[in-house]
Amino acid sequence: MTNRLEYNDIKLIDHLKELFPICRSLTGEGTRKTLEYFEDYHKEYQRLKFNSGSKVLDWEIPKEWNIKDAYIENIDTKEKYAEFKKDNLHVVGYSEPVNKEVSYEELLTRIHTLEDKPEWIPYVTSYYKKYWGFCMSELDKKSIKKGRYRVYIDSTLSDGKLELSHALIKGKSEKEILFSSYICHPSMANNELSGPVVLNALLAYVKKEFKTPKYSYRFIMQPETIGSIAYLSKYADVLKKRIICGFNLSCVGDERNYSYVNTPFANTLADFALRGALNHIEDVNVYSFLNRGSDERQYCSPGLRLPICTFSRTKFGCYPEYHTNADNLNLVTNKGLNESYEILKSIVMAFETGIYPKTKIIGEPQLGKRGLYPNISKASKIHPAEMRMNLIAYSDGNNNIFDICKIINSNLNSVVKEYQLLKENDVLE
Amino acid sequence: MTNRLEYNDIKLIDHLKELFPICRSLTGEGTRKTLEYFEDYHKEYQRLKFNSGSKVLDWEIPKEWNIKDAYIENIDTKEKYAEFKKDNLHVVGYSEPVNKEVSYEELLTRIHTLEDKPEWIPYVTSYYKKYWGFCMSELDKKSIKKGRYRVYIDSTLSDGKLELSHALIKGKSEKEILFSSYICHPSMANNELSGPVVLNALLAYVKKEFKTPKYSYRFIMQPETIGSIAYLSKYADVLKKRIICGFNLSCVGDERNYSYVNTPFANTLADFALRGALNHIEDVNVYSFLNRGSDERQYCSPGLRLPICTFSRTKFGCYPEYHTNADNLNLVTNKGLNESYEILKSIVMAFETGIYPKTKIIGEPQLGKRGLYPNISKASKIHPAEMRMNLIAYSDGNNNIFDICKIINSNLNSVVKEYQLLKENDVLE
Amino acid sequence: MTNRLEYNDIKLIDHLKELFPICRSLTGEGTRKTLEYFEDYHKEYQRLKFNSGSKVLDWEIPKEWNIKDAYIENIDTKEKYAEFKKDNLHVVGYSEPVNKEVSYEELLTRIHTLEDKPEWIPYVTSYYKKYWGFCMSELDKKSIKKGRYRVYIDSTLSDGKLELSHALIKGKSEKEILFSSYICHPSMANNELSGPVVLNALLAYVKKEFKTPKYSYRFIMQPETIGSIAYLSKYADVLKKRIICGFNLSCVGDERNYSYVNTPFANTLADFALRGALNHIEDVNVYSFLNRGSDERQYCSPGLRLPICTFSRTKFGCYPEYHTNADNLNLVTNKGLNESYEILKSIVMAFETGIYPKTKIIGEPQLGKRGLYPNISKASKIHPAEMRMNLIAYSDGNNNIFDICKIINSNLNSVVKEYQLLKENDVLE
């Protein structure tokens, strides 16, 4: 353990590769193993457990689901189809156990495919309705000939636990920035492993960069929907009191456009922070809360209205590989993961530098005497100190730095760096 | 009387047909008869009377005008023109009595026509300047040959009363929703009979549908401008204290576009209510207060600023038949009247259901266990519970249901019905 | 002195012509002479003096610069170039004294030209870095042949004073309207003489038109940037307490478009006043505070945030002649100066008439009985009393007259005149 690399010493994509094969779901061993993987790097995590059947807000914790194997077998030829061991998407999530002969006709009704994407296996679950079934590519399904078939799912559905982990890095202020992601999907890369992989990089960054940060930082990994509902059943009051800005990380690993889902009225620090951080990037997709779909549904629900946006590259449901086996390591890249990490890191940097810059000087400062007003090259059309002077012009202590980015049309990363320089030079507080 | 049909048992267009022939004006028997017609159905009405010459706010009640007959007669041929008995628009409203021979030249100066609409008779009045005159179609005017003519107007202008009626349906709250319309135009159908005909349908609906409504409802029928000024001279303080939303009904009987006149700053419940109620309808014409012209001029005047919009199909002044004899039963239809009634009824329904929906549940409710989350057909692109979930997502007790309609892009009628369902299922308060 | 004409008895362009030849700079005799010229007309001015080297806010008062003569001389032919006496732009502002032979090559490095405008002399200064140099047209520079040259600048840079003048016309209210302009440029007409010339016309107007005005009026003439910083070092607290609206006058003498620079959030009376005053004019250029560049930089800096806009015809930096000798009496006209004066005068008129019009009447006033509701000509499409009635409709005491101009789509000058008429007729307070 002493020689072990720290989390951010390893490429993000390598973390993802390590975790990719595990079969996760709302509950069960795969999810537990995934939590343990991150907990091994970050001792700050605490595990929370909820018993099956217990009430959480308006919901009930489901049974724990575990699965060892599953396939369809031609009784005569012994040929196997939809083998769980080849791809864990082959079985419908939360399938009850089954081991029996079925007619060819019944078999077909139990097989889910994507007719318009005949080579891909869809991802299907049935959490709240007893069911069993298989998922296959349309091509594979067509290869199943008439005959006698045995369907075999070696799963268990029994009273157990729903588990999740959270970590709190305490800062000087009790006010918190939250990062949340989910760990309930089997072998898919963008939705979902990208989320927890980047979230843990941010946790490592906050721990390493700031001895005691200005703000507190909360990190949550949980099964989507029922996990956040369970979490809120315990922590709603704490979050309402403390969270000033937060992000749910979902599908953050591809290299396509950035996007985010605004809070219901697009009027919180989280909305402003993402707008600022993505200000310099073209073709950012900003979705209204009507397009919600991940844990922002719970965080922003009318009884809570937490200032939390979902941050994505291409949003869930908006890319063709979503919820199929094509959401894999061809789609997610180390570059994609890193870029998402950098965007969120710039927001952390902004909070730690200060989000309400304020000048110390009446009138404009004399930048020249501080060496902050470079000589102007005649050829250049853009004043090199223009952004610096604009930042000062709006640093009245009332405008947050994210809005300033928009006003002065500059990106958060550069503005924060200027802010730091101007603090060092005693121009800004 | 015991067997008599109630107001809403009769088609709206039939009420209008009954009242169409009466010659109304600011004052006089025709107006009195019109008020009586509605009072017969609704005993809640109370008559208010103002004496000629009395001061009302900045104005003075005019003399009472009554008219029995009027025409132009060729003294030689005895041929008659502009006969009041054939169309009461033939005489200029508030014409003083006259019975004398006039020269052909003078006669022509006393005849008002519409040169660009040669078949229509214009509607002209001279309330505040002593005058007499006739209105004719341009074609009829041209048929008047040189000759000796007698002009005959058997009218009286004398001290009398200006009368209006109002009804208050008391609800649990003293807060009031107001409906106002006017009864001062002779035989024209859209402007004006459509207004009071629909207003009385709403009065009938409120009485029948709600034993004791949540809000109080005020209904006013009055001569336009001077009537509302007279009314406000007595009730301005009451209205300022109580009215939270109101509508002036004008030209609500044709089947063309809907339109409304915003309050001066388009920022009251009345503006929001109409926007919500018409949200799903294309080509609604929303006019700024600069385009005012009916009793919203008084209700929204700077000393009062009541939250009252004028609601119309095609607005006064914006359709060719306006203020002519072509504004008749060819223009107004039962369908047109009913559609206007339904729009306003949906607003009443919204007020009675509640205008600030609020969830009872932290996090999203589990709709499935309540049978409110239908199974999703794969073919459908629109989630059947989407509007339901969106309504819940914005039901935080701070957003009025009219704004929610706009936010979630749904029409008021459906949203109110969902709201009622969610109240029954204990999801919303 | 007794027979002397008052300031506004002389054409504005004639004032400008009188002052044009003087060589002004941040300090020195030319600037002093310019201040004296205006002080002679307006005894209300008080001179403020700041010693070289003294600290003002974040800055330091520079040395005083005076200049008697300057030229380049061909030692052999005695031919002279860049003669200060022919055009004071020929010498770089704040050039230190020099009198020596220089090589042809060195000489060329000391000559500033505009390559893309070969006939114009640029205006260059070096206030804060010791330097000497010349400015010439590119054509003249090309005529300098190889040879031996003497450069001669008979200037002094020594401890002295920076001077500025301000005048306060006290009104009934301590609240102030501010007009500011600058007097630090040599012979250029639009930038800068137009500013102080129009400013003094406004001072003359306020003194003459109002015995004791409703508001107080402050007028400042100062060297740009360092002058306003010096002024604010003494008066920041007074201005913060009293100024409710103000304008920095810059480049107000040409006949091109009007333009102005908004305050940082475009949300002060100054922004609204200019929007209202220019409401009827096409192609007004409204610049955000990101395009600042004159003394609004100091007035609106984050520690002050005074409600002051810079008002211009074509803004500094936005016209080709800017900062060249082509910014002369061909560019600035009496018409241009007068139009700017009229715009600002209409704002003074608005403040003196009252900026929150309020009706005295509940409901609409009866304009007819006051002779304020003209008979309507049938042909006209625009109601002659339409603007009058619209003004009344928005005169609720909460809307300032500048916003009303925008709402009712009318220009400030006409609206203020209507307001005065309606006050006389007891309709508005």
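The letters A, B and C name the chains in turn, as written, and every chain counts its residues from 1.
Definition applied: contacts are C-beta pairs under 8 Å (C-beta built on N, C-alpha and C of every residue); 3 or more make two chains touch, one makes a residue touch a chain.
Bear in mind that the values here come from a model prediction, so they are computed numbers and not experimental data.
K.L.:
Indicate which of the five shapes (line, ring, star, complete, other) describes how the chains touch one another.
P.N.:
complete
K.L.:
For subunit A versus subunit B, which are copies of one sequence, does the interface use mostly the same residue numbers on each side, meaning over half shared, or is it different?
P.N.:
Under half shared, hence different.
K.L.:
Just curious, how far off is subunit B from subunit A if you go by their C-alpha centres, in Å?
P.N.:
One centre to the other, that is 55 Å.
K.L.:
Two or more other chains touching the same residue: where does that happen in subunit C?
P.N.:
Residues of subunit C touching two or more partner chains: there are none.
K.L.:
Mind listing the subunit A positions that touch subunit C in their complex?
P.N.:
358-359, 361-366, 368, 390, 392-397, 407-409
K.L.:
Of all residues in subunit C, which touch subunit A in the complex?
P.N.:
That would be residues 57-60, 128, 225, 228-229, 232-233, 236, 264, 289-290, 292, 297-298, 300-305 of subunit C.
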